[in-house]
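All remarks here apply to the structure that follows.
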Amino acid sequence: MIPDALSHGQFVTVYNFLSLVIAAQLFTAVFLVISLPRILPRYRNAITVAIVVCGIAAYHYFRIFDSFRSAFVTKSVGGTGTYTQAVGESFNEGYRYVDWLLTVPLLLVELVAVLALARKVQSQLLFRLVPAAALMIALGYPGEISGDNTVRGIFGILSTIPFLYILYILFSQLSKSLKNQPIEVRGTLSRLRFLLLLSWGVYPIAYLLPLLNIAGSDAWVYKQVGYSIADIVAKAVYALIIFRVAKMKSYADDR
Amino acid sequence: MIPDALSHGQFVTVYNFLSLVIAAQLFTAVFLVISLPRILPRYRNAITVAIVVCGIAAYHYFRIFDSFRSAFVTKSVGGTGTYTQAVGESFNEGYRYVDWLLTVPLLLVELVAVLALARKVQSQLLFRLVPAAALMIALGYPGEISGDNTVRGIFGILSTIPFLYILYILFSQLSKSLKNQPIEVRGTLSRLRFLLLLSWGVYPIAYLLPLLNIAGSDAWVYKQVGYSIADIVAKAVYALIIFRVAKMKSYADDR
Amino acid sequence: MIPDALSHGQFVTVYNFLSLVIAAQLFTAVFLVISLPRILPRYRNAITVAIVVCGIAAYHYFRIFDSFRSAFVTKSVGGTGTYTQAVGESFNEGYRYVDWLLTVPLLLVELVAVLALARKVQSQLLFRLVPAAALMIALGYPGEISGDNTVRGIFGILSTIPFLYILYILFSQLSKSLKNQPIEVRGTLSRLRFLLLLSWGVYPIAYLLPLLNIAGSDAWVYKQVGYSIADIVAKAVYALIIFRVAKMKSYADDR
Amino acid sequence: MIPDALSHGQFVTVYNFLSLVIAAQLFTAVFLVISLPRILPRYRNAITVAIVVCGIAAYHYFRIFDSFRSAFVTKSVGGTGTYTQAVGESFNEGYRYVDWLLTVPLLLVELVAVLALARKVQSQLLFRLVPAAALMIALGYPGEISGDNTVRGIFGILSTIPFLYILYILFSQLSKSLKNQPIEVRGTLSRLRFLLLLSWGVYPIAYLLPLLNIAGSDAWVYKQVGYSIADIVAKAVYALIIFRVAKMKSYADDR
Amino acid sequence: MIPDALSHGQFVTVYNFLSLVIAAQLFTAVFLVISLPRILPRYRNAITVAIVVCGIAAYHYFRIFDSFRSAFVTKSVGGTGTYTQAVGESFNEGYRYVDWLLTVPLLLVELVAVLALARKVQSQLLFRLVPAAALMIALGYPGEISGDNTVRGIFGILSTIPFLYILYILFSQLSKSLKNQPIEVRGTLSRLRFLLLLSWGVYPIAYLLPLLNIAGSDAWVYKQVGYSIADIVAKAVYALIIFRVAKMKSYADDR
């Protein structure tokens, strides 16, 4: 999957997008840490989880960035020639799955926490969503690292089952809880699920690419850019919307 | 655009200016973090955004600094000879556009936030300013990386449209809101827009240089120095003025 | 014990698990630091110790990760070939014992602190648990670094004595104190001891492997993965359960 | 000015003094950050500026230290032979002027801020001191980098004019303000100006050395040591005295 | 003094002890920072000084660790052979004296501060202890770096004079002040002086080794291990006991 060569333009594009994700995740975390006291204590857990998610993502993108930088090299003066795979250094895409294993369940915790449901309802939701999310990532991994398209296909399908289950819970079960939320955040929370669907959808689509025989360095560069944008939306933008909801609920509760 | 060779004096000048920007942005952020509690809660959002902007800038200048340092090398003893482009390393100017994409919209958020307008007026202003700022940067990028002066010219003009629109909003629409500000900050806020105009103006002018056939290592060094000074003014000095306004409004509100 | 060669898959597996532990420990510490004010002052000492434990573990895993990365090298393009031991760099497993010497006693302090017992009972428990824990690690070390299986066996047995003593205290003596805990945490605390038993049990089992003549690179990779998972459970998961207990007791006390 | 060779003893002396300055500045900043809440809000601005000054100095000394370390190399086993200038690396003394440009004006802000004068008197003092300080450094720079002793002399004299003006303000104008300070800090504040004079005086004297034809590696090592000590006194020791004044004034105000 | 060669076991032993000190000092500082609010304001200065001391020690041990790592190298595969002195890198023991110059006086400040004596008595004690401590270190340095045993002996004796003076003040003068301390801490404070004596005593003994003609790599390794343990006791353990005293006095005062 990893291309043998990248043009200077392709190299720099991936390079700058990876750096953009670091900055976006790191400073979303910084923003939330500083803004935390402006939220009522009962919503702080949601924001704390959001901080942790963006922090973990920043950590992994630091690693991915460094891995990318040493995995592709050029011998041209001024570094403007073709970049080829370095001797002794592999580009480690596995970091993404490590990241997802930790952050994808936490993204769901973040959403449930900001609803501030009754303890029992919350437990029920988390008890379904968190293991499903972990299972989804764990089942995708063997397919991702396999060179065999059949294996990839089978694990892709297996991983899709918990994915659909999560969507079912979010779009059917969660609806009841949304009705008890203050009126001014109901719309935002409902739309947030679509943003989640849209950004999460990028990952299974990227997973499909090799099955569709889409290869080559261009496809690979698009995939990295796509992952970068999806990660910013699914974590940083998502966190800022959760923060907005928490702020509006804090005002509503104070009334 | 990137010169083939720099004299030791030129190398050191760029080097020291890049380091100066790191120190200025980083410690403006530190100053604001420590000083935040002295501001009334309603103005803290503006300062938090200022902290994030200066933090992002410090992060990018760390990267630009390291990129510069490894992109130019010399073989002279004591490092006092001529510096030429290194093998396998390019100076990455793209970081600047990544930085602007994140920070330029936030600079406008900072300004609107310190005004503490009615929620509706604020939304209207941000809804105009933020997308225009992002569009301005995004349209400038294809021109910047293109080697062709016609492409550069076209995208430069396209990017100037949202730029002028932003200036129009700031100098015409915002004026109404300024009238509702406490008397002691009205002057500062009004002058702040001229500081913004002055520092932001540096970027399109630097963009013009290749169109005017101004090239060579001297022009390039001046451009780097110009960017460095403009970045300090547009972010750190600007943040300190916003902080001053927030402090004066905090006193005024407490009266 | 350290394998002469690792396949790319084995190398990447160890690599990713070590990085996973860094992220898990570091961000558990971050989560607890931010959440600390939500706990009543009397339980904050337990959480502070948990933060320190996870922080120390993150520090050591940074070192282990770097040590692993430079200890195995490949000459294949793209880094997908076989990894062999590097010239001049050893993989330093000793970091684990350094880590345990500091963190294992603190894990017991964490547990006793969250119980918030009478000062005298607490002193008695710590006076027994802490030296036993330090002794257990110190006695295991000479066996670990010895190449001789007899030495390994003897020190293994010696180290098991304080291990059993700790378990005896936890499962017999501590039971009396558990009776005085609020009803809603009694179950959690009791189960926590089994989680402790389960995760701590991994270490003496891994210690046994060479005695059972289980060697080879696969066994070694499993050991690293096993250590990684056990370390996450014994420190990060454990800390989060302690935090949960502290939060529930804070609510109970406030009633 | 930079010597061609340093003995091992000379190398290590400079090395350890540079590291000493890092530790002194960094941990003075840490001490002040932690101690800040013990000061009344009205004096916190002075201490915040002191934190920023020591932080900026620590940053620059990190850079100077790294620059020194890579600028001098030896080929002796055990590193105990003679150190000569490295290929491709220059020792960057320019960092000092970058540092001064930011910190010297702030040192005067620090002093004025702790006096907590009437807003108008404060503005007048700062309006005179801050530009004079910036001018003093800016005028010294062209002389410092020039190889020509006449140029050095001329800019030295020009830079001395704002220097004398600053001293005049501090020792004549400031005296009136000192009379309104609480009795217990008046002596300290008065003596503080002499400490400032003493430590600031080191810089123009070091500037004179080449004019006096004092050269050679010994003179250079003494200069580095002298700068290091002067920097610790002028920033860290100075900050601690300002802190002491702020603490005593806090007590006095609380009475 | 620095051995020409270390066995792999010796190398790893020093390596792990130096890393242990980093972890111990750094996380003692972290623990104290988080725990600071649990102490009454009047004892916070003592703990702040303790934080600074442990922080400075962690900084220096980072440097010593890196210095050690690059000063000894091996050419064996897997790094298990003999380590010899590297070309161009010296092991810098001087960091220890730089550390002591800053931290030894502060350790005495820490002790006096936790007593919370009358301002005058405190000033008198510090006025004696702090200069004596600085003098003791400064006088030891010329002996340490001299290759000549006579010089070493003379400066050792000179340095012992302020050492004995410090002990005299601690064991005779301080006794009066101890009588005014709350009864529950009197014993701890008295024993603390013996812990100080025990750990501080390690340094002059290590200084004596070359005079006793004790040399060789084993002696050197023991010295490094001895320094490491003494540094943990004299700073981290000492800080935790001071913290305990401050906590007990906080309770006593609140009664």
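Which chain is which? They are A, B, C, D and E, in the order written, and residues in each are numbered from 1.
One rule holds in what follows: a contact is a pair of C-beta atoms (placed from the backbone, for glycine too) under 8 Å apart; a residue touches a chain by one contact, two chains touch by 3 or more.
Bear in mind that the values here come from a model prediction, so they are computed numbers and not experimental data.
Each step here moves to a touching chain, and the least such steps from chain A to chain E number 2.
Taken together, chain A and chain D share the touching chains B. In summary, the chains found to touch both chain B and chain E are D.
At the interface between chain D and chain E, two copies of one sequence, fewer than half of the residue numbers in use are shared by both copies.
Centroids built from CA atoms put chain B at 29 Å from chain A. If each chain is reduced to the centroid of its CA atoms, chain C and chain D end up 47 Å from each other. Chain contacts in this assembly form a single closed ring in which each chain touches exactly two others.
Order of chains around the touching ring, counted from chain A in the direction of chain C, is A, C, E, D, B.
Of all residues in chain A, only 2, 33, 36, 41, 44-45, 48-49, 51-52, 55-56, 59-60, 63, 71, 84-92, 94-95, 97-99, 101-102, 145 touch chain C in the complex they form. Residues 8-9, 12, 15-16, 19-20, 22-24, 26-27, 30-31, 34-35, 38, 73-80 of chain D touch chain E in their complex.
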